[in-house]
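What follows is chain A paired twice: with chain B in the first complex and chain C in the second.
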Partner chain A sequence: MLLNKDKWPEFVGRLAGKKLLAPQSGGDAVRFAPVSDGEVPMLDFKNTRVPPKQALFPQTETMYRFQLGTEEIELPQLDEETIWLGVRPCDARAMAIVEKLFRWDIDDPYYLKRRELTTLVGLACNEPGLNCFCPSVGGGPASTEGLDLLMIDLDDRYLLEAITPKGEALLDVTGDLLDEVKADAVKEKEKVVSAAEKKIKRTVDTEGVSAGLPGLWEDPLWRRVSAACLGCGTCTYLCPTCHCFDIQDETEGFEARRCRMWDSCMFEEYTVHTSGHNPRPTRRERTRNRINHKYSYYVDKFAVTACVGCGRCVNLCPVNIDIIEILRQVKEAL
Partner chain B sequence: MSSANPLMPQMATIIDITVETPDIKTLRVVGKDGLPFDFMPGQCAMLSVPPVGEAIFSITSSPTCRECLEFSIKDVGSVSGALHALAPGQQIGIRGPYGNGFPVEEIKGKNLLFIGGGIGLAPLRSLIGYGFANREEYGHIDIVYGARSPADMIRKSEVKETWGGQSDTSVYLTVDAEFPDWNGHVGFVPSYVTELAFTPEKRVAITCGPPIMIKFVLQALEKLQFSPEQVITTLEMKMKCGVGKCGRCNLGSVYVCKDGPVFSLAQLNALPAEY
Partner chain C sequence: MNLGQLRKIAAEVVAREDVKYLIGWKQGSYGYRIAPGFVEDAAGAAELIFSPLCTANLATYLTLVEKLPVPRGQEADKRKVALMVKGCDSRAVTQLLVEKGIHRDEVVVIGCPCPGMVDPALLTEKYPETEETVEVKWSGDGFLLNRSGEEIKVPRDELLAEKCRLCRYPNPVISDILLGEAVEPWELAEDNGVAEVEGKDVGGRWDYWEEQFAKCVRCYSCRNVCPLCYCQDCILDRLNPTWVNRAVNFSENTSFHIARAFHLAGRCIGCGECERVCPVNIPLGRLNRKLAREVRDKYGFEPGVDPEAEPFQASFKPDDPGDFIL
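Up next is the complex of A and B:
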């Protein structure tokens, strides 16, 4: 369906009743933030600094609450329906990829409940970022995987494509604002998407990488590519596919909760045993694990690369470690 | 969210505590209605002491013991320390069982050689008890157990008297150095295994202990011509969820909490040596 941009405020108004989040500028970055009643988010951004993975996997999630000294356990109320507006296709694809793990073997109740309550409205990328490389890892600027609805910016109007019943439901409640798609819009979409694809300059050649990585276990490249690493964990915290977590108990007076929070394989504490023994004792082993996990282990297990080419780890690494360059060196060493 | 939440512990009660060594206690634990869950030897459980936290421990009792679960726990960290501070009658959280357990079916009809060091006897004891409860299913049982000192041996009387008194069973004890009250063998476990010269015919070796002991035991068994398929070990790893989600216990693409902690040496040889 087509939505004229002059009807955008009305379209957003129709979504009221559910919690709405959208990218908003604040300080030095664009972040997803709640949209208050009457506010109209302008979708003028490249991408958010923190990926919307927090929609399904909050940085800290209460698993349950309890009172010290009693047996009573209270589960969190997860019942608020939420719409995330302006999710980039790479970030939605990451959520679909991570969902494979949270559904593997046993279902993760928190992740899947949140997915059930969340509607992801995507916005195709017309202006990809400097370090975007989604087409190299199976995505694209208008990829629909993981989304409920995709919006494509056609200058004065949005083309809306429902991907799931949840996306169709949004088109139903806004139906009177929308126009039928005509051939000119389809053509325009093709033009816009192909122009966006051409703007993506960085590429990764992953052919043979998943099968070849285990053979590079002792290769000197791991020392080289990890030499500058500070172990800050930015690459993993801001990665839309990174999903590792820690579990901790917290107390305040007699009130307590067990929660899980983002963790990072780049931290020494992540794998260190109580005895002090650490199977991944230095940043060389931790970097090696990070790359292997994304480009080999996850491929073995779920037949998909756990990297969507969003470029955040490249953009935001304080010492300019570049995963594209690491993969180039991997290819060279194969 | 339903009560089928796999990350939610159930309440359990400590019914008895045995002080094994200066830093190891064995806790006997029951759920609301008997055993909290069924399990197989070699599997693990997450124990919670709220609000200190949760950690994973191997179940040391045999599944043939229907009265309670037993955990032999060394006081080394925050959760194990909190467990050591508890008294009978107090409650903990428990969830599990986790992991694959020992291949009890595949090793049927074989002679079993158990090689344990220190607290590493804990996971082996579950299978040893299972072997004795199903005595006709297994061949000769050899148990080599070593500790730093006589005072650091766990389940001492059970090892010597109960196990030593079983039919077709031999128990070999050793300590790392001479002690005034010790008349038995002195020396490290791996060299004792070499000295005892076990033959690989119809035998499976199952070992657990400190990483350095396991490393040299594997070398000793290789010299004794054991094939990698005949050697089984159980790994220790830091774990948080126990259900293959939290990420940290991976060896390559396998998770130790799901696909382990029990591996044959042949399986380990095919995985990254990151343990």
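Up next is the complex of A and C:
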């Protein structure tokens, strides 16, 4: 369906009743923030600094609450329906990829309940960023995987494509604002998407990488690419597919809660044993693990690369550790 | 500075028997990016550069290096690390010496007098980053950008980093080898960032920091990049007891940032790295500079300028002002 941009404020108004989040800049790094009633989010952004993985996998998730000294637990109420507006296709794809893990040995109730309550409205990229390389890892600027609805910006109007019944439901409540798609819009879409694809300059070649990585275990390349690493969590926390977590109990007096919170394989304490032994003692082993997990282990287990090419780790690494460059060196060493 | 001279001296230094490696700056993988370079031979030395993009303070690597246990029967590698420093970076080295975080004979300091760095964020905003590497140089009283053959002259004031506007030590305060000529210190700018926060009432300041700290994702890049955050056992990593919960919320984030700022009072040398690396743009420099000013005004102490100084937080004088003690 087509939505004329004149009707955008009205379209957003129709979504009221559910919690709505959209990228907002406020003169600062763009981030997802709740949209208040009457506010109209303007979707003029490249991408948010922190990915929307927090929609389904909050940085801190209360699993249950309890009172010290009792055996009763209180489960959190997860019942708020939420719409995330302006999710980039790479980030939505990342959520679909991570869902494979959260459906693996057990169905994770928190992740899956949030997915059920969340509608992901995507916005295709007409102006990909400098370090975007989604086509190299199976995505694209208008990929629909993981989304409920995809919006494509056709200058004065949006082309809306429902992907799931939740997406269709959104088109139903806004039906009177929408026009049928005609042949010209389909053509324009093809033009816009292919123009966006051409703007993506950086690429990685993943052929043979998943099978070859384990053989490079002791290769000198790991020392080289990790020499400057500061061991911070920027690359992993801002990665839409990184999903490692820790579970800790927090108490305040006799009130306690068990929480699941983001963890990072780049932190020293991530693998440290109770004995003090650390099987990944330096940033070389940690960097090697980060690349192996994304480009080898995850591929073995779920037949998909756990990297969607969003470029955040490249953009934001304080010391220019560039995953595209690392993969180039991996290919060279194979 | 003459790049040929820099590379020649670097090659000489890494060839020395008592030097393990040299840490300097080299061209990054694209655009304006600069990467820390760990140089072990002449080929590596030939990649080194010094340009207005070399904002990173490499002194952090002196304490960040991971020392694995030495296997029985083997000797620890006690050779020196050579380090390229700007004025601000040399203050970090000096402060590390004062605190005995490092010893003078462990390091060869190669000083680079610094005419001022560009602010990478300002630069990217005005001249969007490209896939090709962009060369940036000092030229007269400004910066010269070379974007795919096109030369652009930009006045110094347009791009100069905030930390450099406030810098009183553009020349290294210590060095074993000094590259090039000393530069003339420039007139200091007003610290508008701190003034903006100071201009608010207590409630306004609280709201300001609440908004800032709420953004924090606790990646700890500010802690890890800081040359003076080098506790082997950081309270943030302790699990038993958990001094600061891992939960990310305003309260815990605030605990983290207050602990970080206070531990740096009288120690922060103003290299601005914490603010540069923050992925969510928290203006951490404002906290550090405010505390630095308090320490300077009340105690007359400035960190990282005198290697013989007593560490501020570990010394006591009977006439220290106690007016903040209730």
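What we mean here is this: the second predicted complex is superposed on the first by the 333 of 334 C-alpha atoms of A that agree within 3 Å, B and C clash if a C-alpha of one lies under 4 Å from a C-alpha of the other, contacts with A are read in each partner's own complex, and residues count from 1 in each chain.
One rule holds in what follows: a contact is a pair of C-beta atoms (placed from the backbone, for glycine too) under 8 Å apart; a residue touches a chain by one contact, two chains touch by 3 or more.
Small disclaimer: the values here were computed from a predicted structure and weren't measured.
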| item | value |
| --- | --- |
| When chain B and chain C are modelled together on chain A, clash or fit | fit |
| Contacts of A:V173 with chain B and chain C, given as first, second, both or neither | neither |
| Chain B versus chain C as contact partner of A:A16, first or second or both or neither | neither |
| Which superposed partner A:V319 touches (first chain B, second chain C, both, neither) | second |
| Partner chain in contact with A:F66 - chain B first, chain C second, else both or neither | first |
| Chain B versus chain C as contact partner of A:C244, first or second or both or neither | first |
| Three-chain overlay, vertex chain A: chain B-chain C angle, C-alpha, nearest 10 degrees | 90 |
| Contacts of A:M261 with chain B and chain C, given as first, second, both or neither | second |
| Chain B versus chain C as contact partner of A:R202, first or second or both or neither | second |
| Touched partner set for A:V40, first chain B, second chain C, both or neither | neither |
| Least C-alpha distance (whole Å) that remains between chain C and chain B when both complexes are overlaid | 6 |
| Chain B/chain C common contact set on chain A | 246, 248, 250 |
| Parts of chain A lying in touch with chain B, wherever the complex brings them together | 63-64, 66, 68, 71, 73, 75-76, 78, 101-102, 104-106, 108-110, 113, 214, 217, 243-251, 256, 258, 260, 263, 265, 270-275, 277, 279-280, 285, 289, 292-293, 296-298, 300-301 |
| Chain C to chain A touching residues, read off their complex | 28-31, 33-36, 38, 56, 60-61, 64, 66, 68, 129-131, 215, 217-221, 223-225, 237, 239, 242, 245-249, 273, 276-277, 279-281 |
| Chain A-touching residues of chain B, taken from the complex the two chains share | 1-2, 4-8, 11, 48, 50-55, 76-77, 80, 91, 210-211, 236-238, 240-241, 243-248, 250, 252-253, 258, 272, 274-275 |
| Touching residues on chain A, where the partner in the complex is chain C | 28-29, 31, 49-50, 59-60, 130-131, 201-202, 227-228, 230-234, 237-238, 246, 248, 250, 259, 261-262, 264, 267-269, 281-283, 314, 316, 318-322, 324-325 |
